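Okay, so subunit A shows up in both of these, paired with subunit B first and subunit C after.
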Partner chain A sequence: MQRTLTRQNTIDPLGALLSLIGCAALFLLPFVVFKMNRVVPGTARPLLQILPPWAVFGFYAAMLLVAVIALIFASARARLIASLVGVTVLITMIGVAGDALTPAGNQVVRVSPGAAFWILLLCLGLMTADAITRLRPGPGLRVLFLVLFATVAALVLSSGLLDHLSIMREYQVNAGVFAREARQHVLLALGSVSAAVLVAVPAGILCHRVPRLRAGMLGTLNLIQTIPSIALFGILMVPLGALAAAVPGVATVGIRGIGAAPAVLALFLYSLLPIVANTIVGLGRVSSATVDAARGMGLTAWQILTDVELILAFPVILTGIRIVLVQNIGLVTVAALIGAGGFGTFVFQGISQTAIDLVLLGALPIVALAFSSAVLLDALVEALNRPAR
Partner chain B sequence: MVAEILHCLIVSAILVLGAAAPAHAAVVVSSKLSSESTMIGQMIRMLLNAAAIPTVDRTTLGATYVVRKALIVGEIDLYVEYTGNAGFFFNIPADPAWKDLRKGYELGAKLDYQTNHIVWLTPANASNTWALAVRKDVARANHLRTMSDFARWVSTGGNVVLACSAEFANAGTLRSLERTYGFVLRSDQMIVLAGGDTSATVGAAAAQTNGTNMAMVYGTDGNVVAADLLILEDDKHDQPIYAPVPMVREAALKTYPKIAVIVKPLMESFDRDTLQQLNARVQINGESINAVAEDYLKSKHLLQ
Partner chain C sequence: MIEITGLCKHYGATTVVDHVSISIARASITVVVGTSGSGKSTLLRMINRLVEPSSGHVVIDGKETADEPPHLLRRRIGYVIQGHGLFPHRTVAENIATVPKLLNWKATRIQARVDELLQIFQLEPKEYAGKYPHQLSGGQQQRVGVARALASEPNVLLMDEPFGALDPIIRGKAQDDLRDIQRRFSTTIVLVTHDIDEAFRLGDHVAVMSRGQMLQYDVPEKLLTRPADPFISRLTGTGDRAMKLLSLTTAGEVAEAGAAEGPTVLASATLRDVLSELLWRGATAATVINADGSRCGQLTLAGILAHGRPR
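Moving on, here comes the complex of A and B:
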């Protein structure tokens, strides 16, 4: 009893930091910003001017309660529940504020979440992530959490609660092409990574077997990594365009100077280094005793490679693939400039119209995609690294 | 999904194994990333569809050099370019023809047809080039309508504060205007915004930040409408003309000769104010480009 009490009275350092930042943001920074139209700078609107006092004070009280729990509660479960309740209250509040600020039927004014909203969301997100880490969930449970969050996010977005917020306004205007660009973005990222795996893993095996090749191969791939993405996309347009013009039939299967081909090829080239390097490292970690034992059991060289070495090296190789996938999800953005499509289309259109909400409509899904694939592949790597039970 | 990843794979590995894409007789309508280019592209696509010409929508394809290249190699059939850009395409940006709508159109159309078999259709009578815009109240008080009026006003001690980008101030555009019209802006009459775009310069003029009463703008910029500015007419034709003009591959035009006839009344219906208003609806109000395009076509009775 004594022990639990002392534990409960300890101030949690991360909780203290998050509570401090969150409360400072809540009381000092604008929570919601109102714009007369899409491109003018907005003005902050105090919550008390737009919502009834009970709602505003209820919101403040809820946030403070979460802060107190973050400060003194040690139970990871309580912290998780508190942070999730906090996120729910926060999202509801911004949705309600958006409704209240938008005159009925007005399609021109924009209501955006202010700095306080984003900082609170970040603090609560970190608190959630920290609580989940403290629960030490296995890989399966982490994936389950991800699926749960994604489902709830999809439900909230489709419920209409946030429809009056500026980013959702941009979505409504672009709803017709959003799914197409999303699909294109995912395909470009996955396609280039899959192609890279097919080439890079054999290349890594070759480098492992023939150490003379290693320096030259890694040096070349390193050099490719240093080329800025937009430059590489531009450089590839020339030879691919020439190829399409010179060889009949090439253009009809989609290999042209613009569009998906130079984008996928550039992403493929960027993907090689991490996978080749990790394959070499992974194979190098397989102990020679294991290989000797396999040889002693009468396994052929091919069987040793596929049934022993690659299996043991696979978690390390998968870590390389994870790096590449997350990297490519970000890099695909630039491919919009060379006609490959993807979420980058919204980003660059938004920049050209100086409409920051349109930029966010492209950027936020990219962040979500990269985050989800990182969680999924991390879970997979961990599941593979666990000793079989 | 799996089949598509495989297709990507095939493409990326440059293995010529996949099934050939269907040879399309449809007109592939494209555009740059800008809202004006996209909007006019969508209008043309709607008009072609209404005339029973099949189309494929490849709008917002990419940056200028990408769309241009796509048109030349035949990946797309039609998009809206600007007449003055031909100076850069054919590497003769200093040619005086670009400063005149008619001459620039004729020179560009001739060169593009000879070199690439690309046909320039009817241009709009508007120029999306750099211009100076002044607050309407200041314009009224000082009788400003043209750049010549402006030069007279500056030279007689007019109280000018111009917001512009560093590119505009330093890359010769301002110097060229000063030489042609015979005025000089002192550094204290300018607020140079590093990397400033027109929404920043127009914003400064609208809010009268630090006494700003003029802004660097683009001719058909939607911002100009929202901020109630007046664009000073380039009466001595100092700046190149960037008139929107649909460009189409000769092959597509031969298949559907009607395209030229269909596009003509649309392009003739545009002038600077019309384009500003339409751009403002997309850029400022955030209306959907397709909705604005359809609405405009109906209001002009080009579409039923």
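Moving on, here comes the complex of A and C:
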């Protein structure tokens, strides 16, 4: 009892940092920004000018309460609930502000979340992540959390609460293209990773069996890894373009100097090193006594590989695949530059039009996608590691 | 019955096993003993062709091993290694079922065999069948390793330093258990060790190897009383050779008729143990009884001492 009391009275270091940053943002930075149209610079609007005082002070009070809980509460459950309530209040507030600032029927003005909103969202997000980590949930529970968050996010987005915000405006304008680019983004990332798995796992097995190949293989793949992505796209454009021009029929199946072909090829090349390296490490970790016993009992070479070595190495190989998948979801963005499509299309369109909301329409789904695949694959790796070790 | 003739293994210019020929009797334990690098493990691994012989023949029960695909040969020969080599991703029951599954046994037969072996190795099936190897103690893991090797009822069991990773107390128990199991299944066991005491304790025959050559292959007493090479005397040690010799004979084997005043000893006790008991009690003779309590005979101090020197 004494200990719990002392612990509850201690100031939480992360909580202190997040509260400080959050409060500073709340009081010093604009919460909501109003623009006459999507490209002109916006002006900050104080909340008290647009909403009734009770709502504004209620919002400030709620944020301060969350900050106090972050500061002194040790219970991870209380911190999680507080941060989730905080996020809910924050999102509701920005939706309400958007409604209040938009004249009825006006499609031209833009209401964007200001710096204070983003910083508060980041602080609350970190507090949530920290609370979940402190709860030490098992792999199944983490996936459940992810599904729960995704469902709530989908409900909020479809509820119309945020429809007057600039990002949602950009979405409404681009709704048809958005679905297409989303599918393209996922296809490019998953396709390149799948192709890489098919090549890299056998290559890793080969390197494990023939140690002489190891240095050369890893050295070459390392070299590829050091080429910046834009440069690699450029390098690949030339031979693929020449191939399409020289061989009839190649262009009709979609292989051209620009577009998806060089993008997938480049992502595929980047994916090889982590998977090959992890396959080698995973197979190397299998105890030689286990393999010797398997051979001594009369398993064939193929049975030893598939029933013993690859199964025991699988969690490590999967860790490599996880690294590559998250990396490729990010890299696909750049592939939009060579006409491969994906969420990067919005990012680069937005940059060229100085429409920051369009950039966010591309960037936020990429973050969500990368984050979700990381959580899913981490959970899978942990679940696989549990029974055997 | 394993007939090994002129077996050699060369790696480039190095000869690891040099023209070894021995004949191993059915249902006996042969212990191959030697220092590290003597070629004893290579000799063992050539029997199930984990190492392919450079020349020479291995014939098991009249069949030339070279005539059979190696993985099929290995499925009918049990194999146990130091550190057990259990599959960490499979349960105890699945580990034991490995070879029967490879041989396409029916599920019910596999289940029955797994339960039988677990009982024999004092691992309650209900409790242990579903456990993973890392949940077992070292001694239990070793027992599962031996059970796995015996699963398909092989006639021949090869063991490479099977007790090397166990602490001395568990090792003694494991050695006794192996003896019991060998008698129960009449398995022909070839066991490799560097531990001469283990060789004397388990071996019906002991083969001593050094630098790839088989120096002597004989019953244990002969290694003490008629060593074929000075290396063998060094290996067995001369300081306590009389005591070692006494430990090779049991009281029941040499008991004389009659009964004696003094302590009672079991017929299965070694002469070394009986001598120790007599010295401790200050007695000159002991009564020998069978395990069922019936009288077997008596042993005198002088009678015991007579067995402690070469004849």
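Operating definition for what follows: the second predicted complex is superposed on the first by the 383 of 389 C-alpha atoms of A that agree within 3 Å, B and C clash if a C-alpha of one lies under 4 Å from a C-alpha of the other, contacts with A are read in each partner's own complex, and residues count from 1 in each chain.
In this text, a contact is a pair of C-beta atoms (placed from the backbone, for glycine too) under 8 Å apart; a residue touches a chain by one contact, two chains touch by 3 or more.
Keep in mind that this is a model prediction, so the values were computed, not measured.
Engineer: Looking at the combined model built on subunit A, do subunit B and subunit C fit side by side or clash?
Structural biologist: They fit side by side.
Engineer: Does subunit B (first) or subunit C (second) touch A:Val308, or do both, or does neither?
Structural biologist: second
Engineer: With both structures placed on chain A, which of the two partners, subunit B or subunit C, ends up touching more residues of subunit A?
Structural biologist: In the superposed model, B touches more residues of subunit A.
Engineer: A:Ala294 in the overlay: touching subunit B, subunit C, both, or neither? Say first, second, both or neither.
Structural biologist: Second partner only, subunit C.
Engineer: Please indicate which partner A:Leu318 is in contact with in the superposed arrangement: first for subunit B, second for subunit C, both, or neither.
Structural biologist: neither
Engineer: Using C-alpha centres only, what angle sits at subunit A with arms pointing to subunit B and subunit C? Round to the nearest 10 degrees.
Structural biologist: 140
Engineer: For A:Gly259, select first, second, both or neither according to whether it touches subunit B, subunit C, the two together, or no partner.
Structural biologist: A:Gly259 contacts subunit B only, not subunit C.
Engineer: Under the stated touch criterion, which partner chain does A:Asn37 make contact with: subunit B (first), subunit C (second), both, or neither?
Structural biologist: Touch partner of A:Asn37: subunit B, not subunit C.
Engineer: Just to confirm the value: shortest Cα separation between subunit B and subunit C in the superposed three-chain model, in whole Å.
Structural biologist: 30
Engineer: In their complex, what parts of subunit A are in touch with subunit C?
Structural biologist: Residue positions touching the partner: 287, 289-300, 308, 311-312, 387-389.
Engineer: Would you mind writing out the residues of subunit A in touch with subunit B in their complex?
Structural biologist: 37-41, 107-108, 110, 169-170, 173-174, 176, 187-188, 190-192, 194-195, 198-199, 237, 241, 243-245, 247, 249-261, 264-265, 268, 336-339, 345, 348-349, 352-355, 357
Engineer: Going by the contact rule set out above, which residues of subunit C touch subunit A in the complex?
Structural biologist: Of all residues in subunit C, those touching subunit A are 48, 50, 71-75, 79, 81-89, 98-99, 102, 132, 134, 145, 148-149, 158.
Engineer: Which positions of subunit B touch subunit A when the two form their complex?
Structural biologist: Subunit B residues touching subunit A: 4-5, 7-14, 16-21, 23, 33-35, 60-63, 66-67, 69-70, 73, 75, 197-200, 203, 223, 226, 282-290.
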